[in-house]
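Chain nomenclature is as follows: A, B and C, assigned in order of appearance, with residue numbering initiated at 1 for each chain independently.
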Amino acid sequence: MKKKIVAILLAVLMLTMLMSGCQKPAADDADTARTFTVGFDAEFPPYGYIDDNGDYDGFDLALAAEVCDRLGWELKLQAIVWDSKDAELESGNIDCIWNGFTKSEERADQYTWTVPYVDNSQVIVVRNDSGIASLADLAGKTVMVQAGSSALSALESEDCADLTATFGDLLEVADYNAGFMELENGTVDAIAMDIGVANYQIATRGGGYTILDEAIATEVYAVGFLLGNTDLMYTVQGVLMEMAYDGTMLEIAEKYVDKGLVIDSLCLLD
Amino acid sequence: MTFATMVSQLAQGLLVSIEIFLLTLVGSLPLGLLVAFGRMSKFRPLRLVVQVYISIMRGTPLVLQLMVVYFGPAMLFGWSIPRFSAVILGMILNYAAYFAEIYRGGIESMPVGQYEAAEVLGYTKSQTFLKIILPQVFKRILPSVTNEVITLVKDTSLAYVVSVMEMFTLAKKIASSQTTLMPFVIAGVFYYIFNLVVAVIMERMERRLSYYR
Amino acid sequence: MNILEMNQIKKAFGDNQVLKGISLSVEKGEVVAIIGPSGSGKSTLLRCATFLETIDSGEIAYMGQKAAVTGQNGHAEYVSSAEMRKIRGYFGLVFQNFNLFPHYSVLKNVIDAPVSVQKRSRQESVEEARALLAKMGLSDKEESYPYQLSGGQQQRVSIVRALAMHPEILFFDEPTSALDPELTGEVLKVIRSLAEEHMTMVIVTHEMSFARAVADRVIFMDGGVIVEEGRPDDVMLNPQNERTASFLSRFTE
């Protein structure tokens, strides 16, 4: 029976450890060695993903690293579940969402945003041999889109209502990976997604897919902070602008071109 | 990413999954016994509180409970619990409720004659429970416990909801970043081996307790 | 001094008055058999005597030490749990269903209480247990587990378990009722041999011929009262009460 007692003691000890693990959130101590925690979902190349060595990489993460370098902050990359991004932000577990984060109309008032640094478009990807060449050809076809994505909200917006009405079916998928499997298998005819993502997916899959020339919507990416956290936003935005002017942003961006980043989409560079 | 890198990445995720699994068991098995006592207590308010606790733990998704444990304190009081601790705490609280009901079923299924024989022989209440009742309860409930333990192996993947990088979360991110389904295949194999080991251990325990009926 | 003294015991389950003021005293070395139809209260009497049930009113004393007394308010009160623990050591009980501990070997079943309750030395307990098991013809069974034994063997082990506690008095609650008919003989033989050694015993039984052969005194209970008691031959061959006679007649055909 001694074993049982030991087990109970262990449990109590563990609970104590769990409790003592409680600490003030990182966001509260704006002192000397500030930690800047960036939230991203690591599933959104080329902005934030896991590279061939299993490390986090991405254009947005590289920008964040440069910002922290210049400010003397310590960067902490926190992979999050996209669905929990608001809870993570509100609980102070992350300082910002920086992950190809679309500043849509509905989100505009929900976060404190930097100015947009990427102007992205929502496009349609089809198989080369699909015979689909324009948005009009999508009539009666099955179109797939990632659940909760900007492409979905674009398709569901009033601007696209006429187009969407012509689709045979609009299906939602959990991730693009599965979406491409379906496209490959012919169970869907087209996928709607961000142009950057589309370029990356097509490049890594070795071609075979085409992006329609007509975009279904254009959108912008910015860094989102907790609503009202303007001081932090301005600090980061200032450095971001600086990086755009002195050419650093372009330098960083060029490293991600082969991952599908479209230099033309960087709207701070002009 | 090479296949070897993928396997080694996922193996690291597997270690996290195993850690979650073991800590949850070490915490919830004894806690479940305490909860079972509360559930069977003669003191009505305690019994009610425990009943409500069990019904919430069994009546709501574990995913939701993990979110509440992790995000709740931060949003309400500004306390940030480390992610991993939140997962362990949430899993222990959930599994303790299930184990408590299993213990209770086992304890209540014990024939009253065992208590009476012990009482007449002069055993104290705690001696009766620890020497006579609990060992037999343990044998009776082992098959149900095995079921829960195997479910727990698979439930470790729910840690994704608070972004703890256990194997499945990692597999999902690698799959998205590398545009391949291979990580899921590898993860599936790992889960299967993990469960196989667990099943073998539980079977051994059952065999060790089969010396009596 | 009587080993057991029960006075005016009353016990009800809800509205059902099971014991209606029963008095029973047992002398050292006496063997008492309690007979009666089912529902007569004989098992309840035994359970009250062994504290498995609490009495509503009356008095219970072992070896002159009071375990339960009834004061002015008419409700029985038991002595402190420390005293109760001491008094429990005076008696042993053999159950109808044996109630051996299934997870303990035969030997462990016998020695565990002497060692962990009475704090006797393990070696001495083992030696004594082996002697008792040998006497009961169970020498080769000490490593067995209860499920491996026949009902008769299990009941003999449970008698050994009770004896190992050195009780002043041993109660038997229908010790052969759960056994196949061909196995009752071996258990009755053991009880008879204990009677020959003048072990003080109270036996609730349906085995009439056994009761007559082994008991010094037979008590016939019905409806929660003692209807008749006396020497076995007097009660069983020449019952004075009509209820006794009609009960016994069922066994003579």
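What we mean here is this: a contact is a pair of C-beta atoms (placed from the backbone, for glycine too) under 8 Å apart; a residue touches a chain by one contact, two chains touch by 3 or more.
Since we're looking at a predicted model, the values are computed, not measured.
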For chain B and chain C, chains touching each: none
Which two chains share the largest set of C-beta contact pairs: A-B
Whole-Å separation of chain centres (CA-atom averages), chain B against chain C: 46
Gap in Å, rounded to a whole number, between the CA centres of chain C and chain A: 80
For chain A paired with chain B, centre-to-centre distance based on mean C-alpha positions, whole Å: 34
Residues within chain C bordering two or more other chains: none
Residues of chain B touching at least two other chains: 131
For the chain A and chain B complex, residues of the former touching the latter: 1, 4, 7-8, 10-11, 14-15, 17-18, 21-26, 28, 41-45, 49-54, 78-81, 84, 87-88, 90-93, 175-177, 180-181, 201, 204-205
Contact footprint of chain B on chain C as seen in their complex: 50-52, 85, 88-89, 91-93, 95, 97, 99-103, 112-113, 116-118, 145-147, 161, 165
Partner chain C, residues of chain B touching it in the complex: 111, 113-114, 116-117, 119-123, 127, 131-132, 135-136, 139, 211-213
Chain A contact footprint on chain B (complex, rising order): 1-2, 5-6, 8-9, 23, 26-27, 29-31, 34, 67, 70-71, 73-75, 78-82, 85, 88-89, 92, 130-131, 134, 160-163, 165, 169, 172-181
